[in-house]
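Can you keep this structure in mind? I'll have questions shortly.
Every chain is named by a letter (A, B and C) in the order it is written, and numbering of its residues begins at 1.
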């Protein structure tokens, strides 16, 4: 995430005239890439096919096979009918909780990261690097460690069991990564820029708003993707800091999938799993291109 | 006066985040350190009892397994994910027509949590249900892929799923790195008639050293935090053969009501993190000021 | 009788409703989230609302309640405890010692719980003499399930001793049938282990080892014999067992791939859901040896502020032990009622067997708590034992080594 050398998307390989050896090599390359693609797609394939099968077919047949008869019943159940406790409304109500929690948490942590990164990279003062190191180390703290003290803190703050409480927790533990992303991006911008702007009379906020933020699109994309993935997929915070009515979709998914002494409906489990993963999946499919670009734009090696 | 204020603004804007980190990361680590010296059971207690929890921890065979697994898993996971990520990035960098599609395919596992993909992996790796059964049904009767049920090999099965999840991200990092190598140098090398593989080993890869470091840190962080992966795939089994420190700590804190023990294991974990991250931070920050 | 309970309940609800402006309220944390379990809880919720209560559902599934316990800790620490929580075994007393449980003795005494609950089960619901939890059901753990057809085809009767079991299993092996369907998850290993231990140590020995944690008993030659039998059991299991869910093991018995399974009576639900008939398609019998291992689900009430919530707790406790709920819930769940005076006509033959044996073993003093399901001891100790059991079962550790480890692990966990 750090130290990416100069941004240059220019294709480097000089086109060579096709020779038989070259063509064979090309085929080898494609089949290799294809094989890897199969490996990466295998779990998704299993999930998709299973979700389209009936329970009888799953009980009788092989797991890794195409459905004999395609049915979307499991998808309907997972979305709006599966029991997640005494309510049998599927994932739908929880999905909304996740949106309510992920969107503000992503925006706030991204914004804070941008501000922090801007300060650390461009407004040198004594101790800035120490602060940065302290924040970075925070990225590595296992979440299980903070669960209990965080619960007590949220209780004191009166945020226990609420969505703002969950947002708060995610923002706090997202700051490390978002600051890292932005700092490594901004550190590549020549400090002369700030100096010149200052000479022109621009202040701290003006420089941030009018010069730095407009430059930041690639790294904002990277940060948003990263944070959204982390927060949307989080289970531990979701299960610990929520109460009835504020549980996110991962908790509901877990409630559908994990039953100790009940009958398992694998097709519904798989459909629910895909539905719960759909937003992040979509983000990667749609924004994946910008993700690589953002990483490429990461930084000029100083 | 105004100028002084102007100089203080950056610090003031940074202050809330810094204070938050101070409390919610370092305060909590301190809290955990304190708890690790107590005999807290179901809920935290604050009376100190010395190092008893650490003695218990180091006397537990399961903790030994967890630490051994962390190093084995960590080394393999980081090594293979890096190698595979690099390989894919180099292959994808050969001006492939379907690059966008392939890239998305390699990258998507990062988008899904293991709660989502765990069951599928469990089936795929299960000899009676997944790959082994499939290949055998094609007529290769002696084919065997039973790592997930073999206590000595189950940790390798966890590595496979872990690599599957993280290698796409590493691929993205390396691809970004490859794209940003100065194309002039490469052109010059090609004109000089230097073979393609030499260009990679002698010019491109060395210039990407910082990216190797970044990838290493991201992967190390994932390895240490690995929790969902193990829970979803093996539940720590067979036996506790695939236990990791994170799962050990969770089991102690939440299913066994042994919070003091969990805190001591957390502190040991933090020590490992510290040993990995501090050298990185040191090199990272020094490099910036050269 | 049922009617009178209902009338009494409604009267109480009315009285409560007139006392406070809003009706009784309860936020209930539980881990029964899917299928039959969820439906069973829904029965309680319906009764609760029928009596004017407002039920807020807080389901957290996973790991046999592990995730729910994580949520519970966070909730208690943040000063936001749920009204009622699915808790069981010594964990109830553990939470009581933290000073967070409410006293529900007034309901229990008014309802005469002492008279209708078996003494050993009632003991689990009390904290220092006062009532602090309400039992929902009794699952029996030491069941042996079998595929009727396979046994018949191989001329095997349900075994009455572990010797007989071994003979039968060897015969089945020779006939190419998997003798024992088993899922290699730590709690399932522990389930088989405790059933074997009950059979070989006898109820008294089991009590000494797993309730009193007597080091002598834990390190005894008898315990070596238990591990020896576990090693034999390992040989009767197919190679693919690690990580298998218990219900998949049950379907192996159903489909005729395997002959026996050792599992609690929730397995019955799987058989019934697949349309199998007890006594015809599948057989249920208590596992070889005397005694009865129970796994009792219960709800504990947490200390909360607010008249509505406290009224909710009382109403909930009353309904949980009420005849109607005990019957309907347990018909759904495959277990038997915790109170002994519920009419059993609608229950199947396996449940009848369970109820009858619970009564006799309660009299003989062999009604014992299941260690594998968190009834016998606190989490730290049972976890330590399970670590040893599952490590032994999944390796080639000798029985003597396992026993040494067991003693050390229990000592280290105290």
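Note that a contact is a pair of C-beta atoms (placed from the backbone, for glycine too) under 8 Å apart; a residue touches a chain by one contact, two chains touch by 3 or more.
Only a predicted model underlies this, so the values are computations on that prediction, with no experimental measurement involved.
**Student:** So what shape is it, when you link every pair of chains that touch: line, ring, star, complete or other?
**Tutor:** complete
**Student:** Write down the pair of chains with the top C-beta contact pair count.
**Tutor:** Summing C-beta contacts for every pairing gives the maximum at A-B.
**Student:** Just how far, in Å, is the C-alpha centre of chain C from the one of chain B?
**Tutor:** 38
**Student:** Between chain A and chain C, what's the gap in Å when you average each chain's C-alpha atoms?
**Tutor:** The separation of the two C-alpha centroids amounts to 39 Å.
**Student:** Roughly how far is chain A from chain B, going centre to centre by Cα mean, in whole Å?
**Tutor:** 15
**Student:** Find every residue in chain A that makes contact with two or more other chains and list them.
**Tutor:** Residues 147-148, 150, 254, 257.
**Student:** Can you list the chain B residues in contact with two or more other chains?
**Tutor:** 44, 250, 253
**Student:** Would you pick out the residues of chain C that each touch at least 2 other chains?
**Tutor:** Chain C, residues with two or more chain partners: 63, 67, 70, 73, 77.
**Student:** Considering only the defined contacts, which chain C positions touch chain B in the complex?
**Tutor:** 63, 66-67, 69-70, 73, 76-77, 91, 94-95, 97-98, 184-186, 189, 238-244, 378-380, 382-383, 387, 390-391, 393-395, 405, 408-409, 412-413
**Student:** Which positions of chain B touch chain A when the two form their complex?
**Tutor:** Per the stated touch rule, the residues are 6, 9-11, 13-14, 17-18, 20-29, 31-32, 44, 88, 91-92, 94-96, 100, 102-113, 115-117, 119-121, 123-124, 129-131, 133-134, 137, 164, 168, 172-173, 175-177, 179-183, 186-187, 190, 207-208, 210-211, 213-214, 217-218, 221, 224-225, 227-228, 246, 249-250, 253, 259, 262, 266, 269-270, 273-274, 277-278, 281, 284-285, 287-288, 290.
**Student:** Where on chain A is chain B touching in the complex?
**Tutor:** 1-14, 29-30, 32-33, 36-37, 39-44, 46-47, 50, 62-64, 112, 115-116, 119-120, 123, 125, 129, 131-150, 153, 172-173, 175-176, 179, 187, 203-205, 229, 233-235, 250, 253-254, 257, 266, 269-270, 273-274, 276-277, 280-281, 283-285, 288-289, 291-293, 295-296, 298, 301-302
**Student:** Note which residues of chain A are touching chain C in the complex, please.
**Tutor:** 59, 82-88, 147-148, 150-152, 154-155, 160-161, 236, 239-245, 247, 251, 254-265
**Student:** Considering only the defined contacts, which chain B positions touch chain C in the complex?
**Tutor:** Contacts found on chain B: 41-44, 56, 59-62, 122, 126-128, 146, 148-149, 151, 154, 234-241, 250-258, 261.
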